[in-house]
């Protein structure tokens, strides 16, 4: 089968013909139809410090996808050939104390597809049946293929109290854009989005942001919308140093800052004025709650109030991986996906 | 001034000319513009068992209203003449342990306007400044006058986890109808409403219910919408014996039943099968959280996603109190209001 | 091996020699050392209405136990021969929406050992590895054998907010007695226990109840301890009609009633005065949170602040099952256990 | 009356004879019997950057105290002459959105006694009646006088989930020491305390810490106690840069870090590895929840499981303010108090 392979410890991907994966008795084989390209894939492509310390080539890249079940192992009872599915890409041990107490998303033994084992930028992928998530008939493969980052957005937003809240979202990459739609669907009183890129601000408005402004105009916007008090909830989606400080400055006292964007370097925090005297709560968001978040994604899609499709701005075949990576790096893209079948 | 007065321990109200109330230093005088008529007012009108044990005539009736501040006591600093306001009708002591720990809504020393002291079916009412709630300029007096029952709906709904949930609402009186709109605004995946009255079912659909059915069809509707599992959240708004049993039967295991409707008589509950083996949580809803609920009401109105106005079906002058009471008793009405100024 | 068997649809147990169970690849075989006798076992012994509608003889009885792992299936990686273990007796499907979202304790596909499949009143039992819970070296098999009902007590108590609370526990059977110790360990300001049986009241005091009184004296005791307000939290452990009404009457407004005791018949509830106007929350407790509760049990035992051993009042060999059942039925017993090896 | 006065914008306090304060109609006059000396008082004494930017001499210093009510304003109904009381030192407006929604502890209009208006290092202090907290008869003035910092400890600890948790407390100043006792009373499985000062480590053991170690030995201690996982909850009580990093390093994934210690300078945080990938929650603790925390303090004291008195190591008359300040600056002291009457 065709697959995008990280072949060696150097920049780049290679499109290769590799064997269709075999499956264990508790796994299923999925024919991949759509796959999302993520910033993590860019890190692996560029072979940066994080990637080179974590990944062991060769392996098939990619962790966001949807497809059709091609075959199932003999111990699998609840997934069937032909099922329309996506999957959680974090494969956890299921037996450690964290997994057993509702914290599988931070299981210390997590292995991620496309990072620690073969991924989904390929015609087929093998997945443990326990990680498979069924798609509603009404859900397209386009949307199924990006359940993973939609899940990040849902995890970030809905672990705060959104109905009626003024929400500030710093960073309008794909997850930030999804979060705008999630917060609108969940009844936020006002969603204010911020980014340095005008195309992304346009996408933010398309996704329902009540206002979408440059960081330079953000303080005035938030303070005007909140009588000078600050936002009830901030979703920090950029990982950029000044945005993190804005998040802490523009959340109201007693408010919540949900941090998903991953800063590339340490940030100097004045805990006294930025955290403690404000009495705020900061939550570090990793992955998706397994599987509460997935259940919420399905249910939000069913409500009809949340449509993630405008975020998808670019589509490529696997053969054009370089173009896909370039689109993300341009900073102009919403979500970039591969059309595989 | 003109006022609807409960004059004596017998059925009926009397329209009387009474003195404009004087205010204490920490009170404000409000010129009433709109007032909502509530089931409680019907109980007082009819002088039923509850009313005759609680109320001490003579007193001015009515507890839901909005209006304009006419004058303020000399200790009042944050309410001003001309302010557009509504008010919490529960006057609490503010000093007991419950008030001091966020439970003022169940303060044992609560006195309710229109029940325990003079109310708002009058041209003017005196209110403690601490109970006054300012209206946004964009909020009409119509909507301001029904903040109290909207608050009941918000308290009932938003103390459960609504975004993404399948919500069943049993009983489509005004508060049930408001709750439909609140749950839609807060991103419920599906809102199923039930009532015995076709006009109310029509109003339920107008307010956004995905389906609105007779109790006889409710089980099939809920089970079909939830794969046989049951609703995540049930808002019991009827107080009717069979509806309470349906609420308990149709909530999923581990789900939440919020009880606002007040049964007139005891109900036989099989705790084993209806509560314990299902692992559910039941919450008794009284009044509005002070003032978290009010803040949520304001913010939901600001979101533009929640419009309560279709619930208002009848408008009367104070002179037509009999007609207002009759409209409620017919079972066909949504919200009935007095236009006072 | 020796086993207590429910042989047919009639009262009684039979001590029989049966084959040692074989295990599947994902199961472990456990040599049973201690087993707890539960009210459920009495229902099965007596073959009452519930038992005869639920159980299908023949099967080995018993669901509370601890022992030593004798052998493990070839897919089992985290349980080893010789491990000291107990186990959750609810075998769930692990794949339904409830299991996947932290609600396995109400999985609709639950099968219970000793009820729906062979149990632990035997020299050996087969258990899925996923249900096994390791015991600390410092935890005796006596205590390991009663982790199941200790877990019920922990689930009931710690899903409320205990530190600093005035807690009322109605019913001093074994789980009520454990709950007294749990609440003391968790910093309850005052634990008031109630039962009709003097021996149980003595055990309640031994377990740390600040006061232990007859139901007739309970109102005075609670009101005196709370300035007339009522208990912050009530753990209803009796399932008896008047105790349920006392629970609702003696919880303070805005308080929590955790219901574990299973009433044998419907109870008439005046929702208006007993639930709604009080603004209380009722939680139906079934089984143990999987595996949050088990983790809490282990950690509470490690704290050294909770010692359940005084609750164990009777010990029998399997041969004296009749005496064990009789001890429970007498109403005087604390926890009754079998010493099997 | 005698009072310790910050007379001018320079280091030092002056013992002066000043008029007994007059009270407003809604205030009470309290005869001060005990007062606690706090790090904040040291900042004011030394006239550091924070103090010189915040405070406006002259004013009476001190914000922790207990005493006897000497007289009450004519609007005061629930405090009486002779009552044994302490008081919340944060005087809030009570009317802003934060105060009205349970967040008075972060009211932007807060004025603090001994900082923004006259304080309690004096024979008498005037306090709004709404800030007064009654002491149980069984509570000594010694303990009443330090309810404020005990409240900080309770706020820090009990906003996390303590029963059964492994708790790490970094910093054994008075509030850290109180927190040890609070966590023990609330059923922590293990309390590990850390400080650089051996006397404070001794006090930590006296207060019930299962282990009390130097920062250099802390990692080994925590990892050994948690099977390499890390602490469930960390209470950061030191405000010291390396302790903040240890707090983030030694909390388990998915755990909670409560930050009360106030760093004097910004700290470089690697959000990726220290916060986000760990999925932790950070809560900035300011003051005490009004008045939930106070209620918890009273109830914990009533439980008999929490005794703060061993933390009091030094007692001085007002005349020896220099010695009191020196004792705190030595780093060896537990709690330092003034005996005023």
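Order of writing sets the labels: A, B, C and D. Residues in every chain begin at 1.
As a convention for this text, contacts are C-beta pairs under 8 Å (C-beta built on N, C-alpha and C of every residue); 3 or more make two chains touch, one makes a residue touch a chain.
Note that this is a predicted model, so its numbers are computed, not measured.
Where touching is counted per the definition, the chains common to subunit A and subunit B are C, D. Set side by side, the interfaces A-C and A-D show unequal numbers of C-beta pairs in contact, with more at A-D.
Chain centres here are Cα means. That of subunit A falls 41 Å from that of subunit D. Contact with two or more other chains is made by residues 97, 295 of subunit A. Within the complex formed with subunit B, the subunit C residues making contact are 97-98, 103, 105-106, 108, 229, 239, 244, 252-254, 259-260, 262-272, 275-286. Listed in rising order, the residues of subunit C touching subunit A in the complex are 77-78, 94-95, 97, 100-102, 130, 290-292, 294-295.
Across the complex, subunit A meets subunit B through its residues 158, 162-166, 185-190, 295-296, 299-300, 302-303, 305-306.
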